[in-house]
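Below are two complexes that have chain A in common, paired first with chain B and then with chain C.
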Partner chain A sequence: MPITQPAPVRKAVVVGGNRIPFARANGAYTETSNLDMLTAALDGLVARFGLADERIGEVAAGAVLKHSRDFNLTREAVLGSALSPETPAYDVQQACATGLETVLSLSDKIKLGRIDSAIAGGVDTTSDAPIVVSEGLRRAVLELSRAKTVQQKLKALSRIRPKDLTPVAPGTAEPRTGLSMGEHQALTTKQWGITREAQDELALASHRNLAAAYERGFFDDLLTPYRGLTRDQNLRPDTTPERMASLKPVFGRHLGAEASMTAGNSTPLTDGASAVLLASEDWAAERDLPVLAEIVDGEAAAVDFVHGKDGLLMAPVFAVPRMLARLGLTLEDFDYFEIHEAFAGTVLAALAAWEDEDFCRERLGLDGAFGKVDRAKLNVNGSSLAAGHPFAATGGRIAATLAKQLHERTRAGDLGRPARGLVSVCAAGGMGVVAVLEGR
Partner chain B sequence: MREETVELPELPSLSKLYVTAAAEAARLLISRRDGGRRLPDARHHVAVVRPDLARLTAYQHLLGEPARDVVPAGYLHALAFPVAMSVMAREDFPLPLLGMVHLRNRVEYRDPVAYDDALDITAWAENLAAHRAGTQVEVVAEIAGGGGPVWRGVSSYLAKGAFLPGIDKPGANGAGAQREEFRPPLPTALWRLGVDIGREYAGVSGDFNPIHLSVLSARALGLKRSIAHGMYTASRALAEVGAQKGDSFVWDVSFEAPVFLPAMVSVNIADAVDADGAWERSDFVGWNATAGRRHFVGSVARLS
Partner chain C sequence: MAADKYTQFVSRGWGRDLAKRLGLPQPVELRRHVPDAPLVPGPVLLVGTGEGADAVETALKGWDVEVRRDAGTGRAVPSAAQTAAHDGGKAPSSSGPPERRERLGAIVLALDGIGAPEGLSAPFLAAGAALRSLAPGGRVVTLSRRSSTADEPAVAAARSSVEGALRSLARELRSGATGNGILLAEGVPADAPSALGALRFLLSGRSAFVDGQFLTVGTAKGEVPADPERPLAGKVAVVTGAARGIGAEIARTLARDGAKVVAVDVPAAGDALAKVANDVRGTALQLDITTPDAGERILDHALHRHGGLDIVVHNAGITRDKLLANMDAARWDAVIAVNIAAQLRINEALLASDRFRDGARIVSVASTSGIAGNRGQTNYAASKAGVMGMVRSTAARLAATGGTVNAVAPGFIETDMTARIPFAMREVGRRINSLQQGGQPVDVAEAIAFLASDAAGGISGNVLRVCGQYWMGQ
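And now, the complex of A and B:
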């Protein structure tokens, strides 16, 4: 007789989230490590939901810039936190989509009945980035470890050249093209004719919305102060269109007068960590925990960017229509859009692509334009341009922020149905991960 | 005219050939003025050559080729190069070997070569022709495996300032026609090449021509700085065309402005597909964005 499988598919919900404020690179968290920050984010979550000594089904998190000694970063963070040491954990690394991917894969496990609770998260530091030794030194040391005789050892050592002693810091260039992410986006920004004004306007809205969310106390139960920071260090509530317009282009300078990407409309390098508590409905109810939203669905996509067929950060443009077709939804069915602001141009190029009839017909295989995103529903509590973007921590920030927003709107009752939210995160390597959440 | 085949016992040493070439260069200036105006009829042949696995792996890593067991087309060029060089280093070769400029390289890779295949290499020179700046020659190398020819490369070289009697300069409509102005496309890649790249490519290809090795050795030969091997740039472009090209293709490159090291080379690779959407060819070009000068231009195309 075949094995009887336990549970059919059930719902996975967001109970809540916690993050530490995001710091600018070489700012408030200069001396703290990925492990420090991820542990701090977990401990804040434990405190908020009374999870001390709780054995969570599984914890998944990751860091994009990760030292090889942190091979079990997430498990180590669990061991350093107040969670039960019997909580298993694993690391995920999918560039900037790491955080959202942990949310989706853990919620799938909950849906399948394999676990009842989970914590998804991510962390990154550019201040405390791993530095590696040069290829020459690495090879010589490996050869040395294989050497058996003194002669072989000396030969291995003799291969080391003075230049091999220079350490190597991680770069931001795509391995296959040598172009930085900003240079890639500059090409996409130009291709889609996104203006400097439109990018600056989006960046201003991000700062305005994030500042307003802090003002009304929206982040009070989403954030734990850390190392003296109570708000994201990059937030400039008082920045003006004039100040934004005065910044000089930093990417795509070879485009001359068409160069439009500045330090204001591109995300800065940032340090930070985030965590999201996911559960089955029963697990949350048994502990009298809130339920903010349901993780409905997710989709990953990748584009062939290497020879410029598509822009490096355009994968979500392909992922969203595929996911919505499966759900029988259109862009008009959503109340909130969380489109990660890697660069203002990334968001605007995605919106432009979805409105472009030819592109949608030829590349997305649709009958016409995919649709329009109502700008009043876009990143209503600010996004990465204002908050910063510690790569792997962004997915957790977005998932928790959107879940709370959906919950508030659903409770307001004005829609006559649960509020719906769409998340889109682009990632290095031409990838993107997107998700649909529904409020409770 | 009778064709002669010269059997070489093993792959010639390139470093020795370069030393001989330097001595020859001096001697040629004096003695060959009125002598050779014809190419030698000889074909140089080496039997049973096997690629070296460690060097192949180092080559693959340096060029960005996946470390497959199939030998990249550019590595086969490097493997055949000493045989080709030995033809050009012959006493009866009418042009000075040192200072030759690599103008163009065309390779047909017909059948994939595995690293442990026993290969048979033959090289000869043909098509001596006038060029507006001197005299050009084609050096052909053919590699055969157990089942016949698998790879064929034609390298065009220019001996600058060498005008041989009996070979007319090209007319106004010939090779001297003006090049059209280069308008750089948008880059799809950016190569940051350090001064070491000449030495590193020499290490994996065996081509230790002094103009690539260091500023000092390049200066000794009259260059302001060392330059990247043309075949490094061509082979890297070939690698970056990617897996879509498959195992057999035609790879063609023309070299223009030399890449003085260190360098930032902007690169564009454009893919073309046939009516069925299958890969047909990729055109590539590399240039210096500051000076607007083209370094190389070429293509990789399906073998028809």
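And now, the complex of A and C:
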């Protein structure tokens, strides 16, 4: 008997999302683990869509700062949630792009007919970050475990030096350059001539847009309060340009007067979790579930930041033109842009690069400038500068927020076609993942 | 759902002896609903003759309950009650061999044929003679006709007399036994679905904290549920304020009875709400009920996610207590907005839809404060009395489409809210009722589940108190 071929490619849609409010590091979720937060995000999603006891096709999530005991973090979260324990799960780790990557890879599985439903997500905590022992101690302990005689054991122990006993906390430094993400961005920010004023203005808009979204109840069905937190802890609805301007630079201080990156226009370390319910159209229809948007396409890219060819966080600049060329779209064809605000400078450098004719010709291989992003369409419900950025949770936050925005706009009917949204997330290691969503 | 510490202390061992010697209140753990348990803890003594008595006997036998008949003429006292009419666990003082003492599960008085006050004498005395053999957690239920201005004065007097006698009898019962009554409106047969439904509810553990109350059956509408353990099977129910306390228990109880539950609470309570919704395999709807389109959003959620809406339980409520002299507009207005204005607006929106209107079941949570008043709660009592007014008015509107609307007025219920009352006030609050204890959230939930069921289709415009027969008010 011939093998039955997989079904032809079908559509994958966003049904809805859920996240817990994001907390500042050592804030509301100090005593909370990645597992606790991811489970809470899943349970909120389950409650919103009545999925208790439901066997979901697959759940994928991850954490950037992950303890080795959490090798099966997502599966453990599923087992702790109200979902059917027969729901399989796997962990993904792609730095800050983890969340968006889970959305895209699960969408692909749905499109190929391998699963009908999925939950994509991510979680991160810097408050409950894993602490590891020093390399010296680790080697000595491993050698000790291999030692057979007393003499060998003593020899192994004798290799331990007092400095080896200091634990090592995870940092955001790039292993190959030793520079922190902020220091890398400081170089890019300067290279593209991004001013302090422009960065502060973007940060201010992020806070205002996020606060306005909360005010109009936009997050009522995207967020489930957790541990007494009902809004993102980092949000400052009443912050002013003056207060922004008064902050001292924290990155690129070697640049002296040109240093422009402050705690206000850089994302703070944050704790939080998010989850997105994805499905085939049939699965959603059978359960009378809403369909907010379609996951149209996605693309990953990486840059050679090690040799200084491009900035660490500039990979999305390359990914977007490649993806849009494939789809036959330009920046003008989009109604919403969700560009992850790792730093205000990251977003502004990407916009500047796409408007730069020489860069676009030489580095992107285009005929001229790639195009201009209408700032009125950018991060309209706030982004990471205001909400915070629990690394792996950001992709889920953006996907669900954008899907709902696209749905509302499409239903408004004023465009005469479905609303389109572009997502761009930069990541450590010089990587970036981007995606296109279309409203329903 | 454990009883309070005092109740535990005086329920067993030397604590019980001590309380007895000192004449202290002796609350007992109440008989509550346990799935598949017998309806009553022993045979039922049925006092009275005529249409009502026959209907009750047929129903009881259908529920596998043993029935002892007493014509209620004052002559034929059944042997079971006779031999058991001695207290204190001592052997009967008769000369013959001691018979095995039989405990009655309930006494039902069928008084629907009473035409003059004199007619009450024999049945109540017969019941009285049997009272001492009533089992702990037993029930006394009267079935009589509602008095109205259309009645002959003697008939009206007799019918009203039943209420006074029953309420007093209920105060004499001990050991978790309760006394309640069913009032049939003129023309409603004694075997009407809701008369029998009310009888079953009042006999069962579901009515544990309902005491000294009357349910009025206004019509012969309603249906006996196919499965008495799942009377809400196939129904979609919305419960507001479902994140915690009584609301969470209502959600659990409706789900236990078979309903698909939409748990509604303010977005800020979303964490707890999600747990409740997942526990009951329902859905969570984070919604502030005071938003203008709350009714439309509830209806939209129920229709789209569960394909219909059958039951709405208005439970969400807040307190902002202050003596009126110190009251400000913010406190007053917030309580009115949440506790009554939102309910009115939501009902308006829901009843405009033909997807809900036909056979609609609305149950509101009122409060004994709204009946008897409570110092420092002018705003709250206003809102809760308002709920009762709304229920009566809406009942008339729903009559044509087969819908019902009722209220449940809880007395002192053991919740996080009452746990914050200062110790002495709390102790007094929970003892000043016939059952000498606070009720549990599930007691309120059970009453709501009954009123939301098909069996209660002939009961509308009622305010059922779940207060253990609180000393204040009716």
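Methods note: the second predicted complex is superposed on the first by the 437 of 440 C-alpha atoms of A that agree within 3 Å, B and C clash if a C-alpha of one lies under 4 Å from a C-alpha of the other, contacts with A are read in each partner's own complex, and residues count from 1 in each chain.
Just so we're on the same page, a residue touches a chain if its C-beta (ideal position, glycine included) is under 8 Å from a C-beta of that chain, and two chains touch if they have at least 3 such contacts.
A quick note: this is a predicted structure, and the numbers were derived from the prediction, not measured.
With chain A as the common reference, the superposed partners chain B and chain C fit together side by side.
Shared-chain residue A:Gly178: touches chain B; no touch with chain C. Of the two partner chains, chain B is the only one touched by A:His254; chain C is not.
Of the two partner chains, chain C is the only one that A:Thr224 touches; chain B does not reach it.
Contacts of A:Gly328 after superposition on the shared chain: neither chain B nor chain C is touched.
In the superposed pair of complexes, A:His307 makes contact with chain B only, with no contact to chain C. Within the superposed three-chain model, A:Ala47 lies in touch with chain C and out of touch with chain B [touch as defined at top].
In the superposed model, A:Leu187 makes contact with chain B only, not with chain C. Between chain B and chain C, more residues of chain A are touched by C.
Once both complexes are placed on a shared chain A, the shortest Cα to Cα gap between chain B and chain C comes to 45 Å. Taken in their complex, chain A has these residues touching chain C: 40, 43-44, 46-50, 52-53, 82, 217, 219-221, 223-227, 230, 288-290.
The touching residues of chain B, counted against chain A in their complex, run 64, 186-192, 196, 240, 242, 266, 268-271, 282, 289. Contact residues of chain C toward chain A in the complex are 263, 267-271, 273-275, 277-279, 281-284, 286-287, 291, 304-307. In the complex of the two chains, the chain A residues touching chain B come out as 163, 173, 176-179, 183, 187, 190, 254, 306-309.
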